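Next come two complexes, and both contain subunit A; in the first it sits with subunit B, in the second with subunit C.
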Partner chain A sequence: MFNFNPQTQKKLARFRKIKLGYYSFIVLSVMLALLAIAELLVNSRALVVQYEGTLYFPTYTDFHPGTDFGLDYAYETNYRDLAAQFDKTASSNWVIMPLVPYNAYENDATDSIMRPEAPNAARQHYLGTDTTSRDILARLVYGTRTALLFAFAFMVSVYLIGIMIGCAMGYFGGLFDLGFQRIIEIWSNIPFLYMVIIVFSVIPAEASIPARITLLLLVMVLFSWTSMTYYMRTETYKEKSRDYVAAARIIGASTQRIIFTHILPNVLSTLVTFMPFTIVSAIAAITALDFLGFGLPVPTPSLGELLKQGTANLRTAPWIVTAAFGTLVLILSLVTFIGEAIRESFDPKQFTLYR
Partner chain B sequence: MTINRFALTLITVILMGCGSDQDATEALPSIDNTAEVLAFYETHADFFRSGSIDDLPQDLVWEDGAHLPEVGSPDAKKGGTEYVRLADFPRTLRTVGPDSNGSFRPWILDSTSMALAHRHPDTLDYFPGLALRWAVDADSKSVFVELDPKATWSDGVPITADDYRFTFWFFRTRYITAPWYNNWYESQYTGITKYSDHLISISIPELKPDTDSKVLELRPLPQHFYKEVGEDFLERYQWRFAPTTAAYILKDEDLKKGRSVRLTRDPNWWAADKKHWRYRFNIDNIHLMVIRDTAKVFEAFKRGDIDQFGLNLAEFWYEKLPATDPDVAAGYIERKWFFNERPRPPYGLWINTHQPLLDDQNIRLGIQHATNWQLVIDQFFRGDYSRLNTANDGYGPYSHPDIKARAFDIERAVAYFETAGFNQRGPDGILQRADGTRLAFTLSSGYEALKDVLTILKEEAAKAGLEFRVEVLDATAGWKKVQEKQHDIHFSAFGYSLELYPRFWETFHSDNAYDKAFLDTGEINPDRKPKPQTNNLETLAIQQMDDWIIQYRTESSAAAMVTLAHQMSELHHDYASFVPGFYSGFFRLGHWRWIRYPEHFSYKHASGSQEYFVHWVDEAIKTETLAAKDSGVTFPVQLRIFDQHRKTP
Partner chain C sequence: MSAPLLEVRDLKMHFPVKSGFFSRAKARNFAVDGVNLTINPGETLGLVGESGCGKSTLGRCISRLYEPTAGEILFKGANLAGMRHRQLLPYRQNIQMIFQDPMESLNARHTVGEILEEPFLIHGIGNAQTRRQAVSKLLDTVGLPGRSASRYPFEFSGGQRQRIGIARAIALKPELIICDEPVSALDVSIQSQILNLLMDLQKEFNLAYLFIAHDLAVVKHISDRVAIMYLGKIVEQASSDDMYHRPFHPYTQSLISAIPIPDPHHTATRILLKGDVPSPISPPSGCAFHTRCPKAQASCQHDAPILKTLAPEHIAACHFAAAP
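Let's look at the complex of A and B:
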């Protein structure tokens, strides 16, 4: 599929040799794959319903009112109850529920009292429930997915802008470089957290949740792209003065061609090493914002919100904070391990202290 | 309103950059309004009258409330320091004007300062404060009051009739930027007569079942302090603590901006030995610390950094501080549960009828049936709370006896929504109109601690095809939002003071809904704009309601007022712009052992245990308890339930 040059192949081979990083990468990949299909694993909607000879797959479709399955209500079917009812009546109908049959929003109080409940495999609350009897695992899974998606989107955007501007600065130099450097200096001195809080507080309440998340992303990107330009600028400067660039110029290659096909691949290795750490900081940032109450709107599941609940109920419901904190540690460590491994394997110097 | 949060943050940022506000105040030009005030008295000579003692009606029946039982306990010890949590730092020390009506004001005004007389929290009769005795004269619609000549301000200046006259000038000026006060003092009083330095009478337009309360609950203002009131009042008095009649004073150095406020018991307080007052305000220093986060407050309480903690929420009573808690089981922390009887704060959803869709009564009726308060009460509050039925529950005969809040009923809700054109469910189960308009509203609140209530309502409403977009703001921003009338639906409540009958003008009169709700022809004004800074959170403007409110204001017979109150409650219920939520018929408290209360703990009509300042700090017990905590000595468990005033539903 990919046709890497020998240099890159060598780097990849080295990456594979760094076991911690490599296995972290595999674990994270599997996690990402699972998160991508989270609706099939953690959901209050059934995977398959067989009702009166027809098969239904409600997971990704429009909602099915209870009336679709012979129930007497027009709102979303409660598939857990449906399953129980089918079992009782011993009909030919059946339901297959996901592994965790709860969504991230519903209150499922055992004895009609909403309170945090300890992990209980029999009720399929594998990590327990939060203060209003919502399944913690469900909230974790969907919260993590949002955080990761957010982090990746953040990274891609920041790099796109950073690379573009950084390369241009380094390549064109002169007044353009000088001017932009000053702009960046001013821009990067605007306190990022305040700006996020201020901008986020003026979003109209009518905005939908995805719109709010996108906006939050935009604001964060707007104030985070600057650091990337420094690296890109110096790297481009360095590469620009190399002979192969001069050669390309003499042949008559266009600026565009020189930047994209000659310089960029050569500075990429620097970039790649930064990526995991950008992701780490993005996850930390969104979690922190949530914790402070400036992140995702209530009741969107999020790691920060769970952490907050957990710290508020440290004495009475330690499982909340354990779950949230554990997840955060796991993800951040995995990404950091991968990052260190990439840095190591892309490092041209063979002898480093890290191993 | 989000713009305001923006402004607020900005202001905070700017303020942080400022040095000392004190300098700013000093830099203002000096003002003396004495002449202006006198001129005002002259031009309003029919209001500001003077008379001679000989003019007094002969048949006055003087009352002095002396027979009423003491408030507080003779066992109370003076001294000590109480540590209290403050949810937000006060944004001003003014007691009127923008931003003044916050959670801090009770500490320097509502709960601590003295009025002419106060309702006894058990009997509702008046016991004397600044007044020595008083008499109601029905003929002249006046209340005659003899002032206690011993009364002084905290700076030692005697309180005289002139301070009362000045109070009327003050609350009627536009300088204070407080339209509610302007209106109240212009419309609810018709004159004040000074007979001598310590004898006044105050007249009101109509006799009421509680005529005396209108006058007796007045609190004077120190004229000598407010002689600089002028155009720049808000700025000039922003951080100045006014001489007070209260037991507690605030020294400049005890105001740590953004962090804490310390109140000190005035050693020269004039009422220190007065009956009904001598066993109250026992604690020498009240140290108020800003702790915003409720979870943190609880931790601070458990550490003993804060002395008392309200346990009204089931989460705290049953989970976080149950009988099995080590500190409770060892008797270090005592728990109390007191059932009271008083006007209930109307917790519920205030629907802004000015917003599109919400002006449709069918939608409002649908929302009524789509909110599952019973589930919140049963599962979230564990059945301790009860369902509120109207916005004015707990006023005895004035509350409507029969109106029942609409129950959660998906079918009826859907039927109402269908009438309003929302007849199909979208892909996510939320109702839609044929043109794709979704049945979705923002449900905002400033109650961070009750945010779970909103998410439960949201989940349940979705069953009826209604979407609530939950927006939880901090307390100040939330209140600002409704005051600007920018909300769709807001979850909130009013703190009702102890009154005989409910007020309707504030919440239901069209004057408080729009700048000009109706044209002179009686038709709806097409260009009307919602009026900010009023308590008409529903932007409710019904002419019939206005008429009844005016009648209610002028009515003097209790029976007729009851009828009117019922009619208005019915109309309000039919209009369906308020979804009654819940009320708690009690308050619960956890406190460290060294905080002592009278044997009967609290009063029938009290809203909270700290309201009357009858508790005290016992330093000896504090030392003993802290030592016991270290050495592991325990005390008997203290859980007391006071249910003599409990109403079984």
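Let's look at the complex of A and C:
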């Protein structure tokens, strides 16, 4: 297993003692694991199809046209209909559907009229449908997954840039530090929301959805990396003046070696405590942007978009806002609790009221 | 006498004192202001002074942690002042340093083994196996158990940590070690152990020490020669015995009178100095010590004394130098 530094082991042990944070961590881990295999739980594609003696596993494969299963159409098989048909004909063929047999994009309207429908266990819309009759649970699951992935990518990018620039500023100091401080001051005064609006108004319409998401990530990272440099700069500055760095230099260590094997490991442990809060703010930011309509492009499922629908139909379809709001609160609370626990367990002062 | 191992000539280290972002240096801190000294192979030179007198700065200039403002640092004839990292690298093996606080000078995230292996790694000595052997040999030399290699610095006591610091300093078989108050942070009982270790190592490897301290008793015990520093300048230099029996400079006299004598019947005749050490940013004119000197005359305020040979191998900078 991992051979951790005994100090790190102590911190982990302390983290385990902070129950709220530790259980939040377990719950979130389980949620992440479930989200990773969301295609097996919430999907319009069947898990297993047994047709004419052959087993099909359509979840992760290419689509099977209806003709594969003796249907009269060449577009993708509707497995719910297929299951119903197999039941009706009482053949030896069968279909196993996921727990929620809908994906996040399809409209499942009764009477072909698109309108929000209340939760209905019989039709397996456990949280109801949204204004265009898409399953809310499916959209929540995939929206949450996108938001978490997005937040994680955001955090990694922001930290990479922030650490590199902040560390260089703190280490080299002098004119480089001075110059970059001014650049950061100017840069951090550019209003982020206006930039997003401007950027989104000039994206060509034919840009693909992944390209749009990447661009959004890029814009967000571009206007967020500055905050990380402050911590890195001061921490590096502090560590650089300590005697172990002097000792390394006297032995003959190069600048590169001093930064990467001496200063960074000592600085990064403090940055760990910021990570959950960066994730929280990233999720909140992307949800807010979606709510305003400048976030992830339609029809990508997202919490913000559901909140927007929900507030627009607060009287007629309260289940939309309830589901979206509940999910948001749950995720943000879990991550915040974990963050609090990490901060607590990394705090050198042992005494704490937060257990 | 053989050629000196280290010769410092007129070394100056002035730190600019800045205020505000764009302003130029308004003043300078004359931390080290024209120091000359020599260290012979296998010899210990004690460097004594109050805090803030520039003794650590001098040590850090010689170990080239600082780039001196002016002057020469001749190590076996080669001038280290002004050398870049690459040129300096071969000399790094020969000049090492032991720090005051071993907790600060050992990276808390590295095991003792990693800390002691680093010198060999940087200088490309040996392979993984021989390096491991070298580390356990080093641990043995400084009197630590071999299993210490897999442990972290904070798992050791202060004295043991200082032994790790010493092991790192002797790893590359240097000829000169700058000891920057190596025992000041330790208990008295541990101090003597570390001092004995340093003296044993000196005999074994023919090391030369520049031993920086403010504890005169410690310096007397370990040094062959002693230099006294005041406000960036050396005010007196002599052999250890001579210095303690016949101090010429009034500053040295007051320092020596402050050494506690473990005898309850001893009546102390301490020479107490008035006031604090003046700021090295604006040192007093003339003799820097005139503001606190019990023997100061009017002429001391503008005439800076130079080091004069007052006895064989004994120099002091004072207009009114006299044996007590």
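In this text, the second predicted complex is superposed on the first by the 349 of 355 C-alpha atoms of A that agree within 3 Å, B and C clash if a C-alpha of one lies under 4 Å from a C-alpha of the other, contacts with A are read in each partner's own complex, and residues count from 1 in each chain.
What we mean here is this: contacts are C-beta pairs under 8 Å (C-beta built on N, C-alpha and C of every residue); 3 or more make two chains touch, one makes a residue touch a chain.
Note that this is a predicted model, so its numbers are computed, not measured.
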{"item": "Superposition on subunit A - do subunit B and subunit C clash or fit", "value": "fit"}
{"item": "Subunit B versus subunit C as contact partner of A:S254, first or second or both or neither", "value": "second"}
{"item": "When both partners are placed on the shared chain, which of subunit B and subunit C touches more of subunit A", "value": "B"}
{"item": "Partner chain in contact with A:L178 - subunit B first, subunit C second, else both or neither", "value": "second"}
{"item": "Which superposed partner A:T311 touches (first subunit B, second subunit C, both, neither)", "value": "first"}
{"item": "Touching partner for A:H262 - first (subunit B), second (subunit C), both, neither", "value": "second"}
{"item": "Arrangement angle, subunit B at one end, subunit C at the other, subunit A at the vertex (C-alpha, nearest 10°)", "value": "130"}
{"item": "Subunit B versus subunit C as contact partner of A:N5, first or second or both or neither", "value": "second"}
{"item": "Superposed arrangement (fit on chain A Cα atoms) - minimum subunit B/subunit C Cα distance in Å", "value": "32"}
{"item": "Subunit C-facing residues of subunit A, complex", "value": "5-7, 178, 242-244, 246-255, 257, 261-262, 265-266"}
{"item": "Touching residues (chain side subunit C, partner subunit A) in the complex", "value": "21, 60, 63-65, 85, 88-89, 92-93, 95-97, 99-101, 104-110, 118-119, 122-123, 152, 154-155, 165, 168, 172"}
{"item": "For the subunit B and subunit A complex, residues of the former touching the latter", "value": "2-3, 5-6, 9-10, 13, 293-295, 315, 318-320, 378-380, 382, 410, 414, 425, 427-429, 442, 444, 448, 451-452, 454-456, 458-459, 462-465, 469-472, 474, 477, 488"}
{"item": "Residues on subunit A engaged by subunit B in the complex (per definition of touch)", "value": "62-63, 65, 73-76, 105-107, 109, 112-116, 131-133, 194, 197-198, 201-206, 293, 297-299, 311-313, 315-316"}
